[in-house]
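Listed after this line are the structures, all set down as structure tokens.
Each of the next two complexes has chain A plus one more chain, namely chain B in the first and chain C in the second.
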Partner chain A sequence: MIRDVSLIWQNADRLLDGLTNTVILSLVGATLALVFGALVAIALMASNRAVRLTSRGLVDLMRCVPFLMLVYLVYYGLPRLGLRFDSWTAGLVAIVIYNTAYMAEIIRGIWSRLERETIEAGIAFGFHGWKLVARIVMPQIFLAAAPMIGNQLIQIIKDTAFLTIIAVPELTHAANSIQAQYFIPFATFLSAVLLYWALCMVVELGVFVVERIAEKRR
Partner chain B sequence: MTEAATETRDPPVLEISGLTKTFGDRIVLDGVSLSVARGQTVCLLGPSGSGKSTLLRCVNWLETPDQGAIYLSGERMGIRKGGVVPMGNGELARLRMRMGTVFQHFNLWPHMSVLQNIIEAPIHVQKRRRDEVIAEAEALLENVGLSDKRDAFPSRLSGGQKQRVGIARALAMKPELLLFDEPTSALDPELVGEVIAVMKTLSQGGSTMLVVTHEMGFARETADKVVLMDAGRIVEEGEPEVFFGRPKTERARQFLQRYVSA
Partner chain C sequence: MTFNAFLSLLHGAGVTVSVSMAGIALGVPFGLVLALLRWRRVPLLAPLTTVYVSLLRSTPAVTLCLLIFFALPVIGIEIDALSAAIATLALNTAAFNCEIWRSGLTSFPREQVEAARTFGMSGTLIFRRIIFPQLWRTCLPALVNEMTLLIKSSTAIAVIGVAEITRAAIRIGAQTYDPLPPMLVATGIYVVLVLVFVGIQRLTERLYGQAGGAR
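Entry: the complex of A and B
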């Protein structure tokens, strides 16, 4: 066991490289998904029926596709249409597409429960269009949505593990290659699990901080 | 197109003529005409459901009236020149930013501090200079007695404090017209006085105000004109001494009997 631990220690840089990729993929993926999700949420709340139904259809479709299937589709399927990504980019694209639907649904849910009155006050004071959404609507939504967005971020972190299937050099991939080389599955996978756990704790801490900020503002 | 009549007489700040509004088959406003001159305080009284709040909401086009016209200092609200094509949101916003609205339930923006609430629209809608707006906002907060709450968030304030912030927020727009929609109805009785005091000061300071209220004392002491509405129509309007002392209509007498307990 001591030998296992020292082998892990010697290969710590590989695990950390994997962790770095997991962090980057998750954060960039979640941020882009949140931005696109907010835009899709605007479409989901649109007064135009065609826009509303189209976006609703796309979101529902995305929520019914297994993530792994979407990864396959992006990495192996899209080249058929002339869209060829390296595995890292394909992984990111899959994360963003998949989670845009979830983020949109989170934002729409909170938006529809948001008190109409504060938005009306914005209109009465001359806000309209994009400024109304960006300054009056969205800040309230993000403060209220922080716990759910945090949950989704944890989901994204865990989903990045699937990307090992298309050889994205993330944490699971790194762990797998170390254990395959030295045959020390327990120590390697346990190390990876602990790193995932630590990552999620950081996310939880972030949610806690945002919650504290939000509490004063509702 | 500027009216040539400016040297003879200014148009009233607010002119409402023949306003009609229905919700489904319920007639909420039935041909209401009303005008508010510069510096006047006009109080709209009436039982709940009489259409007062709807009338106020039509003035800044939060509700779209079915018929009739509203003019802000002579400019038609909600309909483009020519009188047919409805205005877009941007055009409406340019007129709305010339009014300040105070809401029954305050409707402060909860994610912003007191100061941010006040400076938000002047900076981002009226595009005025930030440092200038902040200085004015601080002066307004002092006027409503809330300088110490500058950086507090609305959730930490009492109802009376929230409403005074609401008034400061409306005043920061340097509005031609102030609209008050039952500003004290959501307040605990002991907090009504502090809001009424601020409104009295404003009225005496020459602000142009249209006030929907159930505060008969305020209407009696402060209004230049009192308007009684019932079932979507104006049933009586006049100076407060006449309205409260010698009402002309039977409906007004009934109303006063019920609402002014002697």
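Entry: the complex of A and C
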């Protein structure tokens, strides 16, 4: 057991490289998904019936598909249509497409429950256009959505583990390659699990801080 | 894509459904046991349960699957891929089910328990005759929702070579050098499976949605 731990320690840089990749993929993926999700949320709230029903259908369809299936479709399926990505980019593209649907649903939920009074008060105080959106609407949506966005971020972190199957060098992939080299599966995968746990704790802590700020601003 | 390829995808669907069902059948009662341990604040076991739930909820199914499949034989427990797959899904879903059962237990009306105690019912009798018949009805919609998520995360077991839908689609794609058709069919099968569960969830919500609490 002590030999296992010291082997892990010697290969800590490989695990940390994997962890860095997991963090970058999750953060970049979540940010892009949030931006696209906000755009799709506008389509979900559109007054035009055709736009609303089409976007609703696409979002619902995406939420029925397992993440790994989408990864395969992007990595092996899209080259047939002339779009070829390396595994890292394919993983990121899959994360963004998949989570755009979930983020759109989160934002739409908050948006439809947003009180009109604050927006009207903002208009009365002379806010309009972009300034109204940036200073009055968006802060409310994101402060209220923080717990759900945090949950989704945890889901994204866990989903990045699927990318080991298309050989993206993330945390699970790093752990798997170390265990294959030294045959110490228990210690390596346990280290990976503990690192995922720590990562999710950090996200939960972040959500807690944002909730405190939201509470103060009420 | 040939008819045989389609048949092997359907066979994969059968594996996905049966492994998921086995995971649910083990995970739902195990989650209830964990929830009861926390609810009754059993010394030593309750804090352990808290750690278990927190840890398992942040562990990716793929990583858990690899851990179980590769690590258990090292400490002397021989396990085949199918059992490892079922264990992965059961252990993973139990952590989420624990939270569902627990929220049902904490919102259970206290008066009913006190009334039952006044009538001289024992703890286990109260649970069996008063709490559980109402508890499962309030928890069912959330439990079915978790089952839908389990179907989607069951793709993780492809990583240790269990021949479920995803694995079958990959194999057909590799044999025919044309991965797109089997993958689209596989995706279609998943959509149908998930929609069936969403339908069951809507049904349970209609049947028992408002039936919780004192009635």
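Throughout what follows, the second predicted complex is superposed on the first by the 202 of 218 C-alpha atoms of A that agree within 3 Å, B and C clash if a C-alpha of one lies under 4 Å from a C-alpha of the other, contacts with A are read in each partner's own complex, and residues count from 1 in each chain.
Going forward, contacts are C-beta pairs under 8 Å (C-beta built on N, C-alpha and C of every residue); 3 or more make two chains touch, one makes a residue touch a chain.
All values derive from a computational prediction rather than experimental measurement.
Chemist: I'd like to know which partner A:R217 touches here: chain B for first, chain C for second, both or neither.
Modeler: first
Chemist: Given the touch rule stated above, what does A:I136 touch, chain B (first), chain C (second), both, or neither?
Modeler: A:I136 sits against chain B, while chain C stays out of touch.
Chemist: Look at A:F127 in the shared chain and tell me whether it touches chain B only, chain C only, both, or neither; answer first, second, both or neither.
Modeler: A:F127 sits against chain B, while chain C stays out of touch.
Chemist: Does chain A have more residues touched by chain B or by chain C?
Modeler: C
Chemist: Quick check on the superposed pair: does A:W111 touch chain B, chain C, both, or neither? Answer first, second, both or neither.
Modeler: A:W111 contacts neither chain B nor chain C.
Chemist: Should A:Y72 be classified as contacting the first partner (chain B), the second (chain C), both, or neither?
Modeler: Once the two structures are laid over each other on A, A:Y72 reaches chain C alone.
Chemist: Enumerate the contact residues on chain C facing chain A in the complex.
Modeler: Checking each residue of chain C against chain A gives 54-55, 57-64, 66-67, 70-71, 74-75, 151-156, 158-159, 166, 169-170, 173, 178-180, 183-184, 186-187, 190-191, 194-195, 198.
Chemist: Which stretch or stretches of chain A touch chain B in the complex?
Modeler: Within the complex, chain A touches chain B at residues 117-118, 120-129, 131, 135-136, 139-140, 143, 216-218.
Chemist: In their complex, what parts of chain B are in touch with chain A?
Modeler: Listed in rising order, the residues are 60, 62, 89-90, 92-94, 96-97, 99-101, 103, 105, 107-112, 120-121, 124-126, 153, 155-156, 169, 173.
Chemist: Which residues, counting only chain A, touch chain C once they are in their complex?
Modeler: Its residues touching chain C are 61, 64-69, 72-73, 76-77, 80, 154, 157-162, 164-165, 171-172, 175-176, 179, 183-186, 189-190, 192-193, 196-197, 199-201.
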